[in-house]
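Here come two complexes built around chain A, the first alongside chain B, the second alongside chain C.
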Partner chain A sequence: MATSTPTRDAYVPPPRQPQKEPPSERRQLWRSRLWRFDDKASPYAYIAPFFLVFGAFGLYPLLYTGWIALHRVEMTGLDSMEWVGWENFDKILHDPEFWTSVSNTFLIGVISTVPQLLVALGLAHLLNYRLRASTFWRTIILTPYATSVASAALVFALVFRADGGLLNWAIGLVGFDDVNWSNGHWTSKIAISVIVIWRWTGYNALIYLAAMQAVPNDLYEAASLDGASRWQQFRKVTIPSLRPTILFTIVISTIGSMQLFGEPLLLEGGALGATGGNENQYETLSIYLYNYGWNLGHLGPAAAVAWAMLALLLIIAAANWFIGRFVRKSAV
Partner chain B sequence: MRITRSVAGRRRRTAFVATTGITVTALLLTGCGGSSDSDKGADADGNITLTLADFGQFGYKEAGLFEKYHELNPKITVKEDTTAEEKNYYPKLLQQLNSGSGLADVQGIEVGRIKEIVDTKADSFADLSKTIGVDEWVSWKAKQATAPSGAVIGAGTDIGPMSLCYNRELFEKAGLPTDRAEVAKLTEGGWEDFLALGERYKKKAPEGTYFMDSASAMFNAVVSSSPEQYYDASGKPVYQESAGVEKGWKLAAEAASKKLTQGLAQFEDQWQAALRKSTVATVVCPAWMAGQISTYAGDANKGKWDITSAPGDTSANWGGSFLAVPKSGKNVAEATKLVKWLTAPEQQAAVFKAIGVFPSNQGAYDLPDVKNATLPYFNDAPIGQIYADGAKSIPEAVLGPKDGVIKDSISTQINNMEQRGTSPDDAWDAAVRTIDKAIG
Partner chain C sequence: MTMTSPTHTAPVKLAPAPKGSAPRRPSRFRMGAGQQMRGGPFAYVALAVVGFGSLLPLYWTLVAASRTQDEVLASTPPFLPGGKLLENVETAWEQANLGKAILNSVIVSSSITLATLFFCTLAGYAFAKMRFRGRGWLMTAVIATLTIPPQLSVVPLFMMMSGLGWGGQLESVIFPTLVSAFGVFFMRQYLIEALPYELIEAARIDGANNLRIVVSVVLPVARPAMMVLGMLTFVQAWNDFFWPYLALNQQNPTLQVALGQLSASYTPDQSIVMAGALISTLPLLVVFVVFGKKIVGGIMSGAVKG
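The block that comes next holds the complex of A and B.
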């Protein structure tokens, strides 16, 4: 690579003030060495804080969790660890409840991510029009995201309550019977998805909006000259230009739904929340992990669940990457 | 990109890097030990703040005991930190015990956990056997908190002698007697009689009401009245063969199939709503339950409820807690004095008067606050007499380390039988699966 940037070693600093004697050879050598060291080392020092923090709070827990996953460790005796090898993984993989929570996690993930992204895309498209007080609308749309999971889930728990809940009251007005939302297999998943959709749609809409505004206006002008309608413009210009952004939001939402925890935990709260309902009907992987580690006090299997979640995420990421590559290739 | 810098600029930068590095290192080094413990020990004037961590409702605040202690010991202030649900409190306690930091000077421990603590963490707590009047308690209460070494690691607060709370108004509408002596007579023969009474209730029951709130509560009551519960004396889990569990399960399945229960998970929202709306006619009532009922049923239902003795002739205990003093505290001696005072007869009687949790200290039973106690909310039921009679004859039960989790798992499955019509066999299999996971 040919650049005109002079290398730092070649740069000899001019003396700051005229000196009677030029600095000695030795001194100059020392200085340039120090300089070279500064140049090479400083960037590492600048990024070091992140890596130190990451090492302490990211990497170390990750590896230590893996270590725990191979041991029998009880919450009541963290100091005594007994090597059991793959036994913990074996245990969770043969636990029907684990597979229930895997499928729950995926189902809730799909029925929350898909509508959420579609609605976000539509909202972003609307916000992209010339609007009166557009900043106001953009701010409004982000407010659910700024709410804490806990308070949102608690409010929605009131909405979805079987007894005197807001939603049951509303459908009662139309003449339907009460629905025990958190008790049913599908209704509980829908209830949780609604909370997730409510919280994250605005966030994704803003990401889409930012990407839409980066789409060159010429494309739309050319398209409208060719007689393309608004809808055709949206389909043929906006969506293809947004493809990388859409992929990004899919990845982010997938990671988010894998870690779904607060919403299901608080839907019913208490003992039922901690086991994901009476029949684990809305137990997600995070709840399963929480229950194993914190309620039952067996940290080994809980750590194994954490690693299983990581493995699942990597599989999803790989699938995403292949699909993305396939889509890009077929688009060319 | 062209980089030009003056020497001075570079020097400044090097200095900046150095200071940043030092600062970051310093922050990392000090970060973890950030919160200093200086406020725990005595200050210059010898003033001490004792912290007490508990869960649910211990009743000290309601009885004004902390203020009183401060009056008696002007240099000592007690700060209470209450977690609403024991389920959230206990994991936190274990974490703090493991890390040895964040513990309060006094920690509450629930009876369902005491065995696990005694088995695994007895070393972390001060031995109270010499400092507090262990002999005054009902005998089995002391045994529950005694480690193999003989150390007593928790002072008994309350116990939960069993009674039956019933809604007089609903009983009357259903054509059942409302007098507490008559109700007691009808269920004299035990829990089978109780279910028979339920069938009588169901025949003329006001619409939308149920005989009992939850079959799992009855299950708990039956198991609690049995000397053999979930573990045998050698510490082996025997819940699958235990006579008490088997009897309780059979009765619960019967109640579910006969639809005598509303199938509510106790203490959850819908259970609270059922009390508010008076849709349940009976609630199995350990002493502390009376407080729960009056809280959730509210002032509107005052006087409608009554209390009578529990079905059958064997008394039972359900619940009760302990106060323990972690050894790592800075004021172990002062904390022990506080625990001794809080669990002394007079104070236990005061708590009983305030919120109705029944003393474990037998010395309190003859105090007027207990002996003559009546609950206006429950039609002036003579609770002091009802509970004291029961408390003295409760059989000693064997506790196990996972009692709490086993009870919860079975309750969940009983709830499935009531709510979803799960067959008793399927429900039992599911319960065994979760329990084995918990024990394993």
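The block that comes next holds the complex of A and C.
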């Protein structure tokens, strides 16, 4: 926009003689208009790409999902959509496998998020001491973050193998029997949670550490003057100061655990991955969606699953909000 | 006491702390209260245990990738790498189309990273330093998009991509990820602190228009944060699994997709799968060893204000 000033000059015959009068009023007006336009439009131009891309590939598909959920669409013929009303929702809501995957997602979410955040909190506390080679420790605990879901899931599949797995060998040394990790209802969920915990604990610890270092020293000084022990300081100063960060990590981890896909898909690999085990014991909602849409080729029910996930997300968000409110109130 | 300025909103601290500043700041990270306490032996032991747990699966990948499957699954597993690494890599390379996969991963990750850096710096600058109607709620909208899982839109996205003729093509993976809400937020946090209004005003008085200010004032100031954001974005794009797995196919995979297919398509040889996993992880581990400090600092700075 702004470059139109010089181009405009090109059309006006260039003044060869030294100018006697200041730039004409018309030109000044034009110039100030241009400035004002530049000022008004620029911020919108800078943020526009984000909203355009998100609108096209995020928001529009999100809404369109609802429309597809009311149609029959097959992977084999993506162009033909046939109106079926609520049939898809009916189908998945009456499918016991759907409810299994809802409860699996929820259970795996809880047993991966809770220990993960507690360990991260403890780890952050350790890292907050004055340590030799502190950057080294921080980098080491963050390395799992550099690993992809696929690599992590495949290594852990080897670790959790029923026969010849590293873990069963280790517990055999202590004298326990082999565990068929991926076949058990709880053991398979624990195995998946371990993958999640391994990948994300260090990341969360660094987030907590950053928040801990932002706690003003005066608070600790005041607390220790009042005779608070270190444990009391941790409980009464550190944790309350971290509350917004903790809430943030809970929200992010909850949303993350709703999306678990690669871990269960690759825990055993092959056909079992796509159904979440022979009894769907570790099938998550994402796997269920993938199975309907990409294995069986029915995109309508897959879209209905997406909307069920949205509903679940809203319920969790509401629960988070209420818990947050409750915690705030009880703290006062 | 007032010397301790709140680090609350302080973004990336990339410059080393000046030598001879306050004695309780021995590292380049700001010290909180806890750090006045020296860590005892317990802290080191605990960190060593956690560190061991962090590294063990990576080491086990290397061991398994350099042995035969029989050795790996033997009743007493091997603890040292063997000599079969090259052989396994070669087999994995043939079975999983790895050459093409690596090239695709490089293309996808670098184009996503470049686009994210460009768009997020612009948007972050606008949100940090420009006044415009609707700034507050637009920023809230950006952050709200963080909470939407990709699962909710993959079905229509898949149909859209096939309609655009991008079915199975890299475009279908690149375009939806050209911008990131986290990136906008990250750059905004950085520029709020790092870019003084005086600098913008000075450029303005010199007659620079907005575009000129971005090029000659904002970009140089934003460079350290852009490096960190670039690394974080690259790691994420490189490791992304769900959508690429749905959108791409065996003929045109990214590394992660190839890896998933290597293990899912038939009864796989574990050593060869591990060789593939090693290939897909190794580049990022190198990045981590070289830039670990900056990545750690970046995660800590990006996340302070939840």
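Observations on the model:
Everything below uses one rule, namely that the second predicted complex is superposed on the first by the 313 of 332 C-alpha atoms of A that agree within 3 Å, B and C clash if a C-alpha of one lies under 4 Å from a C-alpha of the other, contacts with A are read in each partner's own complex, and residues count from 1 in each chain.
Assume contacts are C-beta pairs under 8 Å (C-beta built on N, C-alpha and C of every residue); 3 or more make two chains touch, one makes a residue touch a chain.
Note that the structure is a prediction, hence the values are computed from the model and not measured.
Touch criterion not met for A:232: it reaches neither chain B nor chain C. Contact with chain C, but none with chain B, is seen for A:247 once the two complexes are overlaid on the shared chain.
Legend: residue contacts after superposition of the two complexes on their common chain; A:166 is shown touching chain C, with no touch to chain B. With both structures placed on the common chain, the touch criterion links A:278 to chain B but leaves chain C unconnected. Looking at the shared chain after the overlay, A:77 reaches chain B, while chain C stays out of its contact range. Of the two partner chains placed by superposition, A:103 touches none, neither chain B nor chain C. Look at A:183: by the touch rule set out above, it reaches chain B but stays clear of chain C.
Once the two complexes are overlaid on the shared chain, A:64 sits against chain C while remaining clear of chain B. Taking chain B and chain C in turn and counting the residues of chain A each one touches, the greater count comes from C. Within the superposed three-chain model, A:152 lies in touch with chain C and out of touch with chain B [touch as defined at top]. When both complexes are aligned on chain A by C-alpha atoms, chain A residues 35, 38, 42, 46, 49, 78, 161, 163-164, 269-270, 274, 294 touch chain B in the first and chain C in the second. On the chain B side of its complex with chain A, the touching residues are 1-3, 6-8, 10, 13-14, 17, 20-21, 24, 28, 85, 87, 91, 94-95, 98, 116-117, 119-121, 265, 267-270, 273, 405, 408, 412, 415-416, 419-420, 433-434, 437-438, 440.
The touching residues of chain A, when paired with chain C in their complex, are 2, 35, 38-40, 42-44, 46-47, 49-51, 53-54, 57-58, 60-62, 64-65, 68, 73, 78, 119, 123, 125-131, 134-135, 137-152, 154-159, 161, 163-164, 166, 169, 198, 201-203, 206-207, 209-221, 230, 233, 237-238, 244-245, 247-249, 251-252, 255, 258-259, 261-262, 265-266, 269-270, 273-274, 285-286, 289-290, 293-294, 299, 302-303, 306-307, 309-310, 313, 317.
On chain A, the positions that touch chain B within their shared complex are 5-6, 8, 13, 16, 35, 38, 42, 45-46, 48-49, 52, 56, 74-79, 91, 95-97, 161-164, 183, 268-272, 274-275, 278-279, 292, 294-298. The residues of chain C lying in touch with chain A in their complex are 1, 4, 6-8, 10, 26-27, 29-40, 43-44, 46-47, 50-51, 53-55, 57-58, 60-61, 64, 72-77, 119-120, 122-123, 125-127, 130-132, 135, 138, 141-142, 145-160, 162-163, 175-176, 178-179, 181, 184, 209-212, 214, 235, 238-239, 241-242, 245-246, 255-256, 259-260, 263-264, 266-268, 270, 273-274, 277-278, 280-281, 284-285, 287-288, 292-293, 295-296, 299-301, 303-304, 306.
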